[in-house]
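What follows is a single structure, written as structure tokens, with notes after it.
By written order: A, B, C and D. Residues from 1 in each chain.
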Amino acid sequence: MFRHPSDPTRYLMSRSLAPILVTASDIMEYDLDSNPIDPQGRRSVIERFIHGEIYKLRPDVKAVIHSHSPAVVPFGITQVPMRPVIHVASFLWVGVPVWDSRDVADPASAAMLVRNAALGRSLALRLSDKPVALMRGHGNVVVGPDVQMAVRYAIYTEVNARLQAAAIAIGGPINYISAEEGAARDKGERDFARAWELWKRKALGR
Amino acid sequence: MFRHPSDPTRYLMSRSLAPILVTASDIMEYDLDSNPIDPQGRRSVIERFIHGEIYKLRPDVKAVIHSHSPAVVPFGITQVPMRPVIHVASFLWVGVPVWDSRDVADPASAAMLVRNAALGRSLALRLSDKPVALMRGHGNVVVGPDVQMAVRYAIYTEVNARLQAAAIAIGGPINYISAEEGAARDKGERDFARAWELWKRKALGR
Amino acid sequence: MFRHPSDPTRYLMSRSLAPILVTASDIMEYDLDSNPIDPQGRRSVIERFIHGEIYKLRPDVKAVIHSHSPAVVPFGITQVPMRPVIHVASFLWVGVPVWDSRDVADPASAAMLVRNAALGRSLALRLSDKPVALMRGHGNVVVGPDVQMAVRYAIYTEVNARLQAAAIAIGGPINYISAEEGAARDKGERDFARAWELWKRKALGR
Amino acid sequence: MFRHPSDPTRYLMSRSLAPILVTASDIMEYDLDSNPIDPQGRRSVIERFIHGEIYKLRPDVKAVIHSHSPAVVPFGITQVPMRPVIHVASFLWVGVPVWDSRDVADPASAAMLVRNAALGRSLALRLSDKPVALMRGHGNVVVGPDVQMAVRYAIYTEVNARLQAAAIAIGGPINYISAEEGAARDKGERDFARAWELWKRKALGR
């Protein structure tokens, strides 16, 4: 889930396990081709190639989150582009590409899982320099310069999807965050300590 | 709720009780005509014929789940067919038939409950060889080759219903899972241990 | 909230207090004109006239529930009639009248609260012989032959509202429960012990 | 979050911290230009100018709540005006203005935060004499003559947004609370003890 803090050619990720159950001994180390370094019999996540291929193409990325964010998935199967409607999701102003596994000429693509390097690379190329990409009929991938930013992007992408869908249901033209606003906010200070404390408490069930 | 592990002409099911309250002594045994073998004064579920008649017609089925899955019910009362929109529900690619008790020429059908063998058989025939059928104005029935798969199908049918409805509300043409993808995934490996552990924890309230 | 078990000219109702906080000593007794019998300084619910006037006009009613059921309120402010879409709410087949306080020529009606007998009587007349009436811009009232049935009607009215709204959002003609089905089910046996046990557990926070 | 009880030229507000974590020692004091009186190293909320500028222009206001109320935000980005649909939100009958930071000729406005007095004053002017204003792509601000009323307005504004959106989704013309009803209810007695007790319990997690 994040790049190795001292070796940028490695990344760290839990073995195949529901996130809420993960403890320290479940964390495995991979090279950027997504080979486990010392598996010790632990089962790797099939779709780890999402992570490895993005770390390869994006030196700026230190953390990758893949999820089936429930309000986000519908935007990956309609033709309505996801665009930012609330200030905390202004980072989406650069656009949210949709990757479709069907577009990859790989025999494995019909199973819709990113189970090899070719599929991972195709997704990483579609993500390009953006923070978020949708995966048609599957979920999304979110990247950041550190774990806190990636978590923040992932949470606010879900929030934005809910709000954008609600605004569409209410009807009429929508007043999206502008490119000028998005760019201004990208340059702003980054103080998310307040929200981070709260998310940590929730994740830990306190 | 599942076929007897050693006698395929029998099935096991809780007495009439809210699922969260069921303990081992509530489990009753039935023959495929849905007669209780040894009731011991326990009250049978009226709609057990759903189960018995499906076990009769579908030797491949080892587990049957009947529920009023909240996001699924609306698809049983509209003319919009349920189709898979997310990879984990790709098993729906074979189609999701809708059974309507009104179509059964049985005096009991007006009460909308599957309270006899004739109604159960009609539903089983409508289900045919599919994993899921909707029951108009009532709920749905989900079957599987074992309890884990049936639970998985039931949960992801609900997830798919929520996502498909959300995509319809957002608008425009929807990019459904294709038949080719559905078939490819049906042949894929079946490793659901990760999700299963989580569902079990939730069901047990841990 | 229910008619006095031994004196049909009296009803019992909690003093003005959030339902979750009510204990035995909060229960007050009223005559059918909604005068408290022995207030002991306890504050009466302003809208108790809803209850008194219904008990007066409907000898068959032993329990009255007034709530702001969240999925139901929208049906009271649109012109789309609430109709049953799921078997457990088939009792709605007789129709769900909407009462509008604005139609009552009483100076108090502008405040939208049923704060006197005239407003209560108007609502009771609009309810007529039905189990449920909506109150425009306010909530709904549900009645039953006993507390269990009234609670059941109230819960399933909310469930039905959610499902009907979801079906409308999916689109296309809706396959409502028919009058024949509603009438057949009204005559059916009444075994709600299973659901009742569960609701009680939830209400008690167990 | 509220005006100083004995000095109307001061207001009190928590340091920058998730609300659920706030304790007494986190409360800071500000003058109406939003300068902290005795910061003791505590970090001020950036958007405190929302509060200071409203207290300056509105002597009647003793409490200000700024939030990202989830059902309310969509009404700030569509052209559909928020209007009251349920009696408990009748106070919205006076209209709900939408403030857009883009309309303010201030270099800081592109970042969409109310981070100086000019932006705060612009918002306060848009709020005018109303209880609620929406902030486009951001959230809303709610004011009241005391903390209880402001909390009540904030909660019911969210409730109203959910109900209005649901009614729009069901379709057809909506029967809004009228000006006459809103005005009549504004003059009514103010007894919210019942709801207040419940909200306090929830906020304290009891």
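Quick note on the criterion: contacts are C-beta pairs under 8 Å (C-beta built on N, C-alpha and C of every residue); 3 or more make two chains touch, one makes a residue touch a chain.
Treat the numbers as computed from the prediction; the structure is a model and nothing was measured.
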Next item on the list: Give the chains in contact with both subunit A and subunit B, ordered by label.
Entry: none
Checklist line | For subunit B placed onto subunit C, the superposition rotation in degrees, Cα atoms, nearest 5 | finding: 90
Notebook entry, point to check: Looking at where subunit C touches subunit D, is over half of the residue numbers used by both copies, so same, or under half, so different?
Noted result: different
Item checked: Centroid spacing, where centroids are CA-atom means, of subunit C and subunit D in whole angstrom -> 33
Notebook entry, point to check: Distance-wise, how many Å sit between the C-alpha centres of subunit B and subunit D, to the nearest whole number?
Noted result: 47
Check: For subunit D, which residues are shared contacts with two or more other chains?
Finding: 169
Check: Which pairs of chains touch each other?
Finding: A-B, A-D, B-C, C-D
Check: Where on subunit C does subunit B make contact in their complex?
Finding: 84-88, 90, 159, 162-163, 166-167, 169-178, 180-181, 183-185, 188, 191, 193-195, 197-198, 201
Check: Which part of subunit B faces subunit C closely enough to touch in the complex?
Finding: 16-18, 20-21, 68, 70-71, 73-80, 100, 102, 110-113, 136-138, 165, 168-169
